[in-house]
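Okay, so chain A shows up in both of these, paired with chain B first and chain C after.
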Partner chain A sequence: MQFRLEKRREPSKAMLYATPVVAVLLTMVVGAIIFSLIGFDGIGAVREIFFTPLTNAYKWQDLGVKAAPLIIIGVGLSIAYRANVWNIGAEGQYVMGGLAATWIALLTYGMSGWWILPLMVVAGIAGGALYASIPALLRTRLNVNEILTSLMLTYVSVQLIYYLVRAPWKDPMGMGFPQTRRFSADALLPNIFPGTIVHAGVPIAIVVALVAWFVMSRSVFGYQMKVVGAAPHAARYGGFSENKTIWLALLVSGALAGLAGALEVSGPFQRMVPGFPTNYGFTAIIVAFLGRLNPLGVIFGGIVIAITFVGGEVAQTSIGLSNAATGVFQAMMLFFLLAGDILVRYRIRRVVPQTAEARS
Partner chain B sequence: MSPELIIAIIVTVVGASTPILIAALGELVVERSGVLNLGVEGMMLVGAITAFLVVFLTGNHYLAILLAAAAGVAASMIFGFLTLSLSANQTATGLALTIFGTGLSALAGQGYSARPVTLLGPLFPAELALHPIWRVLFGYSALVYFSFALVFAVWWFLKKSRAGLILRAVGENDLSAHSIGYSVIGVRYAAVAFGGAMAGIAGACFPLLLTPQWAERMTAGRGWIAVALVVFASWRPFRLLAGAYLFGLVMTMELYAKAGGGPLSAIPAELWAAMPYIATVVVLVLISIRRDASNNAPACLGKPFLPSN
Partner chain C sequence: MPNRLELTGITKQFPGVLANDGVSFAVKPGEIHALLGENGAGKSTLVKMIYGIMQPDAGEIRWNGQSVTVPNPKAARRLGIGMVFQHFSLFDALTVLENIALGMDAKIPSRALESRIREVMQTYGLLLDPHRTVATLSVGERQRIEIVRALLLDPQLLIMDEPTSVLTPQEVDQLFTVLRKLAAEGCSILYISHKLHEIKALCDTATILRGGKLVDTCDPKQETSRSMAEKMIGTGLRDIVKAEGRTFGPPKLVVNRLRTQKTGHFDVPVDGASFTVRAGEILGIAGVAGNGQNALLDALSGEILGDDREAITIDGLGIGTMNTTERRKRGLCAVPEERNGHAAVGDFSLSDNSVLTARDRLGMVVMGLINSGAAKTYTGKVIADFAVKALGPASTAGSLSGGNLQKYIMGREILQKPSVLVVSQPTWGVDAGAAAAIHQALVDLASAGSAIVVISQDLDELRALSDTLAVINMGRLSQARPVKDFSVEEIGLLMGGVHGATEAA
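And now, the complex of A and B:
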């Protein structure tokens, strides 16, 4: 029996939505087998990483807190990737957003007022968007590849944190630790449920995804992004400027990464520390793909990846599995998803070879 | 500056440049065949941990290099299968490979981070490198001489050999190459495997040539710099040699600026650490101002091959 791939007339909607789910399931099965083969407790690893965060209600608040920045950044990336603009430096834009918010928090240190936190958030958005405007400028003016520039700027931004917390922004009462002061009360993100760690970033993430979904599916902006990404030639005929799309894609994805940075530094971190870059910006790439580059799907992708993060921490303490296993599982999900993409565009047809007939 | 210091600097520059050069030469061949593999950093990390573990367990450096190359090929075949056989998006698959290699290497290296191994010794007998001047020529390990030989080999292959001509044809016009009867997918698989082997060896340079131990993410973005260098070199091997040494120089300046006093040490250490990445951006800008660079890109770079449509 042979199989042949046949191109579908239209991409299959069913496959489009089924592949992420299948990718997650395959990752569990294949992951359990591979981890067992190389000498780990494979079934235990899958149980702890994928199920414990869901069955243990105490972990749900962790899930929300981890999913929020992933969703916010992932929504921005999904818009950029739709337009075929490959911003992979969201981590750097997240860092610059966090630094911009920190700057405001330090300037207003000791002051009080309702306006401080909104100002930090605005600064964060501006910081991320400004940092993303460097690759945008270079791409539109000089045709420099945005993949490389946005990534290189990430490494630069991390060094900028190290410098700022070591010298000019260092906490004078910090006993020599390279970190800033803890922000004043009005520069901290409030918790929305007393007694938990769930901060205002969680509902903001949901709102961001909903607004982005509405804009992408109902507005000219969304249409422009999708057309330029899918059919650049047609877009040019239609009067959509490619450069304008590149600018918008990078500014929006940078702004959202910056927003996530501002929320993280004013929420969970409460101060700027060298460990602020936590790879949310890179992991959000997987989130965007798991979400099928659709803002609503990104909520699903963000929650799945948050489960693996929380579960990875569980597995570390319960079965002594390295945190690095989380990254392997996340990458496997993306591999299976990309492999499954072919089923969206093609269908598998069984081909009965002639020789088989002759034999019978 | 004393001659001793100058020689020490040259030796350090050579060490820093070698892994970037090897990885970039591999990627250059891959891109000439029309494929963009952004997984270099991940394949390098897989090579680095493999080389470290083999040396740690057997003490055999050459076996370590060989197996690091094999591990790089294995990692590259995940990319090859997804992008060539299943025509998945090359950018996304390359990124996934880097994420995968980072996680896999960290997982395999768990618990080995403080264990020292030995560096690969010089290729030539020590008597040849007694005098400092001779050390500049004969004092390096086999990996360094390999990287030089590789520049010539890749140049000769692409420019002079029949196989290289076919590879370039596949990268420039896959449909024509296909209609003449060459296997586009087969050629690209071979190129991707070669890129994987070179990335694996480049990764092996980190524990065998630079710091004799394992550290998570020890390649520190060098794989990405290698990808950028291919653009910088406008897909030509000898320009790649110049570019890799330019970067080696930038990275080495950081070490000497920190160590020796003088005006350079007033610059914050973090700015030095950021310098290779800033330099990459600056270099990308400079070559894009120069006209011919982007014109020289393989015409089919990054596009999936779909003969049936």
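And now, the complex of A and C:
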């Protein structure tokens, strides 16, 4: 018996938007079953991971802080992926953004001025964009696949942190710890609600998503991204250069990852440490897909993934679930999402075995 | 003597379409029977059921008087049914002999097969060297391989699916000779086409389908092309209204020694093409598929950028190094051959597809933002003026049938009132009614003073539409001359080029 995927004439719009929800629900069900089978409290795990962060108001600030970088990076990735430019190295661009911001913070150490933080943010954006321009250059000049180059450059960037915090940027007062100084007051991201950990990056993330949504749905730039991704031939016919689009896609997604890096290092981290790369850049890939590559959807996707992060921590303490469980849940979500997408676009047909000559 | 093939009440339902609705007809031994109808009339579905690729939902197939079911093509070939498809299934890198051997159901030693092939070729005058690589063969020669492949099985019924759409007139004549000889030996032929003069010249009987139903079975020699066409489309046929004795304005599009680089392995570049199109003139470019037409269109539209500014000029202004957007701003619009994914984006709405090519000429962009209202209004106008069957500007291009999408694309370019329009295969796969509308729109655009280049493989279309004609062969363009000065034979020889001439000798 053989099965074949057959393209549906017109994929249902409603199903396209329902798949993320279905994927989350399936993740809960299957996750509960799997963790029960390996001897944990599966239902408890799902409750802790998916519901406690929502029901416990104290956890909401954690959600915002975790979701903000995911949303900012996810928005950039959703733009690049629309153009069929597969930037997998947002983590590296995020790191470079953080390093660029750190560089400014250390240069201005001990100084004060309102301009320091904006300068760090600009440096972060530039750092991320510049780092993403390497895969762009390789792809457009030498036709090297950007998936490989952007991914590999991530590991380079992580090594760069290790070097910088151990030698040139090491905190002289840090008792040998591999980390930089704590930034001066004017190089730190302010909190917007006193007494909480919610920093200015949270509203920035929302603004970034709204602006990106407007640009993608209304502007020629957004049209260019979409048409190059959907039909490169038609894009050329319509007067859009493919190389230019690859550059734009990588620069924009790199810049946003760099922005997230600058906000993270000046916000929650307050200094550069070897633990700065926390896989936000990779997790944002799931966020972008959960959000249907739509910047507004990315807000939703960022919150869902943030829930699993926060909930994963809760479950670690309350039912002794390993930290890796969070990754398992996130991976399952992406799996169900992609599988769901296939089924929205294609139907499964059983084919009767036939001789091979059914031509044309 | 029983009928070779008899269909009774054949019905096939697809989701949303009744492809065949109680079709009944019979083919006698030795008869050349035409199956006639527009695109989507159900011809292909019907022959796929005869050849066992699909199964009918209802109805009976009788073969030499016996009721049969044909579960698959292998069974069809065992019964003695052969089929030559419109699209060949040949491996370019293999030889003729290897290709035929691969397609055989039974394993025959290659030497025995070769002598059988030579025998069949000799008998029917299908001359080919079995050891030549397919990549070096012309389309007509490739078709001969498919015919030989079918004839090796001594078929009693040969199905030919639009066999002449890619042939030069000379090759068509050679094919007809072979088919008549086969019929004289008792082999029945089911000949699918929409070219009426061919059917009149070749066929004994014609069965006409429309919308899945049988309209008429008639003797084509008793009918006129026009009466059959009207049965095919169901209404009266419109002629192209072309004002007699039109005069042309000054040269508008001047192309001077245009060349392109060879890109792919089997790609044919343009090799020094020169021509002039005046205001109000329609220049037709004839040629067999794959002779550089795509490169010519891309070079004119700006998808392939040239390095010689003066190789293409509009009203004296050199545009040879400009990209598509700049060329459009200067009045040059183009329609490539491939509709889906090239001229239009299937996943996008029609409105968004209008933005693709009309955004600059019609002011759909203000400060980097798309004025979607303007795009929608324009798309609505295209839909209305060109009678595009679509739910509205928000329908996706992919949801339209091929003919309707083509009407939309042609309308989108024509309503931009370009001063130069270059189109490739403007009515390919479009039904006769829609084709007439597109032809008329092109003529009207020319009458309004635009210069038009029509690249097509359909000689009838070019002869009806063009004022002047040139022929492209292996990337070289012949001298353009008034279309009245050409005989069909001459066009055919030019289409075959030197390549065809040596072969005919």
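Criterion: the second predicted complex is superposed on the first by the 336 of 360 C-alpha atoms of A that agree within 3 Å, B and C clash if a C-alpha of one lies under 4 Å from a C-alpha of the other, contacts with A are read in each partner's own complex, and residues count from 1 in each chain.
One rule holds in what follows: a residue touches a chain if its C-beta (ideal position, glycine included) is under 8 Å from a C-beta of that chain, and two chains touch if they have at least 3 such contacts.
Small disclaimer: the values here were computed from a predicted structure and weren't measured.
*Asks:* One more residue to check, A:Leu160. First (chain B), second (chain C), both or neither?
*Replies:* first
*Asks:* Kindly classify A:Ser219 by the partners it touches after superposition: chain B alone (first), chain C alone (second), both, or neither?
*Replies:* second
*Asks:* On chain A, which partner touches more residues: chain B or chain C?
*Replies:* Tallying touched residues of chain A, the top partner is B.
*Asks:* State whether A:Tyr237 touches chain B only (first), chain C only (second), both chains, or neither.
*Replies:* In the superposition, A:Tyr237 contacts chain C only.
*Asks:* Taking the superposition as given, does A:Gln330 touch the first partner, chain B, the second, chain C, both, or neither?
*Replies:* After superposing on A, A:Gln330 lies in contact with chain B but is clear of chain C.
*Asks:* On the A-aligned overlay, A:Asn143 touches which partner chain: chain B = first, chain C = second, or both, or neither?
*Replies:* first
*Asks:* Which partner does A:Val227 contact after superposing on A: first (chain B), second (chain C), both, neither?
*Replies:* second
*Asks:* How about chain A: which of its residues touch chain B in the complex?
*Replies:* Its residues touching chain B are 7, 86, 88, 134, 138, 142-145, 147-149, 151-153, 155-156, 159-160, 162-163, 166-167, 282, 285-286, 289, 322-332, 334-335, 338-339, 341-342.
*Asks:* Going by the contact rule set out above, which residues of chain B touch chain A in the complex?
*Replies:* Per the touch definition, chain B meets chain A at residues 38, 78, 81-82, 86-89, 91-93, 95-97, 99-100, 102-107, 110, 216, 221, 224, 227-228, 231, 268, 270-271, 273-274, 277-278, 280-281, 284-285, 288-289, 294, 308-309.
*Asks:* Would you pull the chain A residues touching chain C in the complex into a rising list?
*Replies:* Its residues touching chain C are 9-10, 218-221, 223, 226-227, 230-231, 233-234, 236-239, 241, 354-355, 357-360.
*Asks:* For chain C, which residues count as touching chain A in their complex?
*Replies:* Within the complex, chain C touches chain A at residues 15, 53, 72-74, 85-87, 89, 103, 301-303, 323-325, 328, 334, 336, 338, 341-348, 352, 355-357, 359, 365, 368-370, 372, 396, 398-399.
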